[in-house]
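Each chain carries a letter (A, B, C, D, E and F) given by its place in the written order, and its residues are counted from 1.
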Amino acid sequence: MVDAGDTAWLLVSSALVFLMTPALGFFYGGLVRKKNLANTIMMCFAAAALISLQWVLWGYSLAFGPSVNGVIGSLDWFGLRGVGLDPNPDYAPTVPHQAFMLFQGMFAIITAALIIGAVVERIKFSSGILFLVLWSTIVYDPLAHWVWGVGGWLRNLGALDFAGGTVVHINAGIAALAAAMVLRNRIGYGSAAFEPSNITYVILGASLLWFGWFGFNAGSALSAGGLASSAFMATNVAASAATLSWLLMSWFYKGKASIIGAASGAVAGLVAVTPASGFVDALGAMVIGFTAGLLCFYAVSFRSRTKIDDSLDVWGVHGVGGTWGAIATGIFANPAVNPTAAGLLYGNPYQLLVQVVATGVAWVYSFILTFAILKLIDKTVGLRVSKEEELVGLDLTQHAEPAYV
Amino acid sequence: MVDAGDTAWLLVSSALVFLMTPALGFFYGGLVRKKNLANTIMMCFAAAALISLQWVLWGYSLAFGPSVNGVIGSLDWFGLRGVGLDPNPDYAPTVPHQAFMLFQGMFAIITAALIIGAVVERIKFSSGILFLVLWSTIVYDPLAHWVWGVGGWLRNLGALDFAGGTVVHINAGIAALAAAMVLRNRIGYGSAAFEPSNITYVILGASLLWFGWFGFNAGSALSAGGLASSAFMATNVAASAATLSWLLMSWFYKGKASIIGAASGAVAGLVAVTPASGFVDALGAMVIGFTAGLLCFYAVSFRSRTKIDDSLDVWGVHGVGGTWGAIATGIFANPAVNPTAAGLLYGNPYQLLVQVVATGVAWVYSFILTFAILKLIDKTVGLRVSKEEELVGLDLTQHAEPAYV
Amino acid sequence: MVDAGDTAWLLVSSALVFLMTPALGFFYGGLVRKKNLANTIMMCFAAAALISLQWVLWGYSLAFGPSVNGVIGSLDWFGLRGVGLDPNPDYAPTVPHQAFMLFQGMFAIITAALIIGAVVERIKFSSGILFLVLWSTIVYDPLAHWVWGVGGWLRNLGALDFAGGTVVHINAGIAALAAAMVLRNRIGYGSAAFEPSNITYVILGASLLWFGWFGFNAGSALSAGGLASSAFMATNVAASAATLSWLLMSWFYKGKASIIGAASGAVAGLVAVTPASGFVDALGAMVIGFTAGLLCFYAVSFRSRTKIDDSLDVWGVHGVGGTWGAIATGIFANPAVNPTAAGLLYGNPYQLLVQVVATGVAWVYSFILTFAILKLIDKTVGLRVSKEEELVGLDLTQHAEPAYV
Amino acid sequence: MKLVKAVIRSEMLDEVKNNLQRLGYAGLTVYEVRGRGRQQGISWRIRGNEFRLDLIPKLMVEVVVDDADVADVVEELRKSAYTGSIGDGKIFVIPVEDAVRIRTGERGAEALK
Amino acid sequence: MKLVKAVIRSEMLDEVKNNLQRLGYAGLTVYEVRGRGRQQGISWRIRGNEFRLDLIPKLMVEVVVDDADVADVVEELRKSAYTGSIGDGKIFVIPVEDAVRIRTGERGAEALK
Amino acid sequence: MKLVKAVIRSEMLDEVKNNLQRLGYAGLTVYEVRGRGRQQGISWRIRGNEFRLDLIPKLMVEVVVDDADVADVVEELRKSAYTGSIGDGKIFVIPVEDAVRIRTGERGAEALK
């Protein structure tokens, strides 16, 4: 039966998660050079529109529709056929099925949008959005089915992923790595200084992401009660702890309290706590967050010394943070918070194993498929703008609209 | 009886709709020249404050108070007398009457603010806000009464307007047309290049509008259940489809994927689905949105070739989009979504007729009254800033505060 | 028993109040010189992270834990021990205890962040955040305990403070005064022109503050029903009335409708209605707001002629506005709105007296302790950046990251 | 060679750009400035106090041209930027001793072609 | 005529503006720049690495004046922009061959009045 | 003394700054500009219409140097800002008659040290 309180919460959460995509646009946009700022925000905005359509047409059906051997959802729910206003008790027994579908749709959008951070400043706008729609269909939807779909094989294995550590963050982070490798470096990468053009946008984006993430994680309780409250608390604590630890790292290694560091830390903490948020207590969340700040800091430092131009460090933050979060869930899951799960610290080493398996599967699947899709696009319609266009900047060459004067 | 879930949803929705007015400020502000950017945002902000006061004093009573012959609400509820914390079963049986009043108040604000897009860069700030308060009283409140007030004559006729296609968008769009005609063109209109100064603000505004619109449309269900979920879904789908269609138009005619186009498309889709959101299914919403993007694109192109300086195309987007939405509601209303209504496609041609009548009434009423009010202000206190002031810009001349350095 | 509707509303409100801190960052950031813009926003962001951690570790326990003689909470709830998912009937009988804790935590964050307005453009980042954590522990937590904690002595006295007039605004406003006195003036204060660098950020911040304040005040009902609706309405009305009155003042004295004035007015109205929001009707709220705009305008004008460089007028807006609000609560509290309280106008002069006492206590306690903490920091690790650093600006010297190019 | 610096209204840039291009002077550089001149900003009195905002946003256009073309360019700039109201702006002519095209190393008049 | 270009601290603009106006030189143009000079920005060492941020935000003030007034204007600029700390800025004097007021077409010294 | 004005790509600033510093020319001033040159922006045709965006963001670098150093500085600027693609930018050399350090009042070459 539909519960108004639970539905209100899920609708609000959907709106909050929706907001994360433009927020990501500002976060990413502030980090690129000014000549590519508007293009970067626009990529995120366009992703929201296109994947919304993909989702109601076939995406939701592939991800959550009746399972075909645990591997993929059937197309029975194409165009939302049969996805009505009564609850689907398999997924969320107290909210309309369409509300659940909406909430999940917002996840599909933001996941695809995250990858944009790896390809900014050089991808053709048209190819970029084509890629995102294909990627969502071929990579996101199946993986979501495995982990969250009724009958999905990883779900059946017992993998825990409260709000998307594996499906969202590892997935996007690894896809970013593949994308950076296919797209290759920006001209001047490693030699010229690529200065973030708008730190205030970075922090605006990070703040709105944090705000929206309350919906992302606490909304994943699919009801408005203790579990949602606990997930909300864990989210806030982990984000805070990671902000602090990355800040300390920047102080330690650079001698200055980096604002970009604080913002990145916040995101790293949010990422890491995502799969764990419905399972851990305050101190667990604090440890997960604090550690995420350190790990992701080092991952980003490491990456920046490689030849791989994952421009905004999607792998370092989402890939590494998501992996840590998935594993940490297997360690810190506390049955006192959520009786359905227990981690290593609470006497269940098996959970940790399952988490490692799910993580590995996501790494491999996401990397290979993303690589293949991008190679395909590259060989057919082409991925990158011309050298000339890259030098002039994507705001002018892709949209004929400069960010601001 | 008050239901906490429904009330939570309506309060959140009120907050979301509130946010739409500053969001509109950024959307509009980014589109004007930098010398008028702060003034444009400020007009919206001031509208929020003033119409909030107007609403609790007399506006709500005029719009929703006990009907005087179906034409206007009485002043019995002046200053919220009798508008208490128990539900008013005529309007919303499960939420406090004041919550319903608040939600409706946010609609009154945003509707008036929409018109600002037609008069930017040349209207005196003082006259502008005087106009908005008068307009809200003389144009908005009666029309809201006709369509939504118990006893209102268009409501009695059976006109469908789920969340304000007629009352909000047609009304504001036509008022904008009248306003552009009374105010006349900006100096240099048609010859000088009027370049939008901040595309990132345009997209920030559009994103926050989209976010807020979930409250606008899904909140109009006045309860948190299936209807709200369905309206939320329709909103998101239509916005996405229109973003896509306008983007395609800009690609086709300009050879570039316009960011302003995508943002305008999103708004056009949101406008068009507004009256329909509680009545249509996903595919209906998709068609409405996609068509809205095309229609409004052409309307804007057409307008820009005329002598009418509706500077930010309020008519083209809200007038035309709202009209299409009102009519589309009469076509696509699906009784499977909402059993209270059926459109042409579901065997009820009468509904389409009613929609056309209501639309026509709104066009005529809004145009004539707006024209009259503005002429009156023009003849008395004056509407436009001096030529000198217009050249220097309204940020400095109206507020002595430049937008940013 | 946990009610889903109430919990949904409290979680949403927590998210809204969270957003107020970055919003404050933009409000404050826009008001400082460009060379300190990013630092100002960053101070707020860092405050959110650090006080979130302080709160779950010991802050909540000090403020709301089992009372030690009405003076301070014990540390029994350190690290949220015993703060679980069942409601704590002492505080909020229908929502999980952790949700109440979260909501209150957001108050602790924003209160500390408010003080930043007095110390911007010259405080060392490290000392600034150290100060905020100490201040929250030594000043905020005890005062919150006195007024809101079960057993708190001001609570027992009958002091009314619906959403934090005394605990939040007077407290922060007076602390700001002390801070400005300890830190002394910025170089050039009184001679050089300190021009706000980004008016659009000021209004973005004010708009998001207004938006978030709905959660702040209406969330303080701790349930989603009539009281929340009434508080929401009062919040909106008071903010609007104060926007108007400050705008009129700026017109009257400066001849221009100041945008910063409108934004400051909005905040002043929101501040003043905070303690009253759950007790007053629409007309009460209007009077409170309108008067707040006038009083705070004069307070700010007065302050700016003194030698005290409370740079962004935290005292003038929050100290004076909060004081007026606390007293106005004792005047306008209407038992028809909330039967638990009656003010002077409703035959209860005693309430006014209690309000004055509580206000006085907050002034004295906050001033002395804040002064002492800052002196201590000044003598030990130092408070201010060097003259050189101040001239160059804090974005570069504290973070090595300029706001934007 | 001369550097022609013109302070103009932002709105006139399009006109200026197109007309210079038409005359064959494609090269130019522009940036945002604020200025005070005879147009001494906005000032108003209220309740005995005088207020003034004296810096008005303008656009600076810089064009380096051959000596032979200076007169033409100045004239074209003047006509294109003209509205007739106070605040139309000013043009200054400054000597230039050398010019270099970075890409090719060409010097002097060559670099301007 | 000369173009006097002064790189100053943003905070000193008011002082500069008012003092020049008082002396009768109302016309000026300003814009935001970043600069490095003797004040070579911020630098700091940490864990063996050296970091440096060497571009500091400044304001550029440009005033075109009659030859006769150059000394006065430079002197006034210097005094008004002075604080005594490193980073106070620099003034450069550059020859100007002609000036035109766009609105009236006046030339030379006339255009500066 | 000469004022060397160079319009360069933003990305090359670091290179330019470091190299000039290495040669001992620490002082410089930079600001954002938009420009058109041989690189006449982006243009494209669609459905019979021609579209053009001809102002491309660049950075202006201004360095005032002693006459003796002009050649060096120009050469270094040229090398540091070079990529070989259209749009690398231009350098202009303009005479300067005097320089003043605001803080000390030093003049001429002294002020540049």
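Assume a residue touches a chain if its C-beta (ideal position, glycine included) is under 8 Å from a C-beta of that chain, and two chains touch if they have at least 3 such contacts.
All values reported here derive from a predicted model rather than from experimental measurement.
Across the two candidate interfaces, A-F and C-D, the one carrying more C-beta contacts is A-F. Put simply, the C-alpha centre of subunit B and that of subunit E have 49 angstrom between them.
Rounded to whole angstrom units, the spacing between the C-alpha centres of subunit A and subunit B is 34.
The mean-CA centres of subunit D and subunit F are about 18 angstrom from one another, to the nearest whole unit.
Shown for subunit B are the residues that touch two or more other chains, namely 3-6, 8-9, 12, 34, 201, 254, 256, 400, 402, 405.
Touching two or more other chains at once are residues 31-32, 51, 83, 85-87, 94-95 of subunit D. Looking at which chains touch one another, you get A-B, A-C, A-E, A-F, B-C, B-D, B-F, C-D, C-E, D-E, D-F, E-F. The residues of subunit D lying in touch with subunit C in their complex are 44-47, 49, 51. Remark: subunit C residues 3-6, 8-9, 12, 16, 30, 34, 94, 195-201, 203-204, 206-208, 210-211, 214-215, 218, 223-230, 232-233, 236-237, 239-241, 243-244, 247, 254, 256-260, 262-263, 266, 281-283, 286, 337 touch subunit B in the complex. Of all residues in subunit C, those touching subunit A in their complex are 2-9, 11-12, 14-15, 18-19, 22, 25-26, 29, 37-38, 41-42, 45-46, 48-50, 52-53, 56, 79-80, 84-86, 95-96, 98-99, 101-102, 105, 125-126, 201, 395, 398-405. On the subunit B side of its complex with subunit F, the touching residues are 252-256. Subunit E contributes residues 2, 5-8, 31-38, 40, 54-55, 58, 60, 74, 77-78, 81-95 to its touches with subunit F in the complex.
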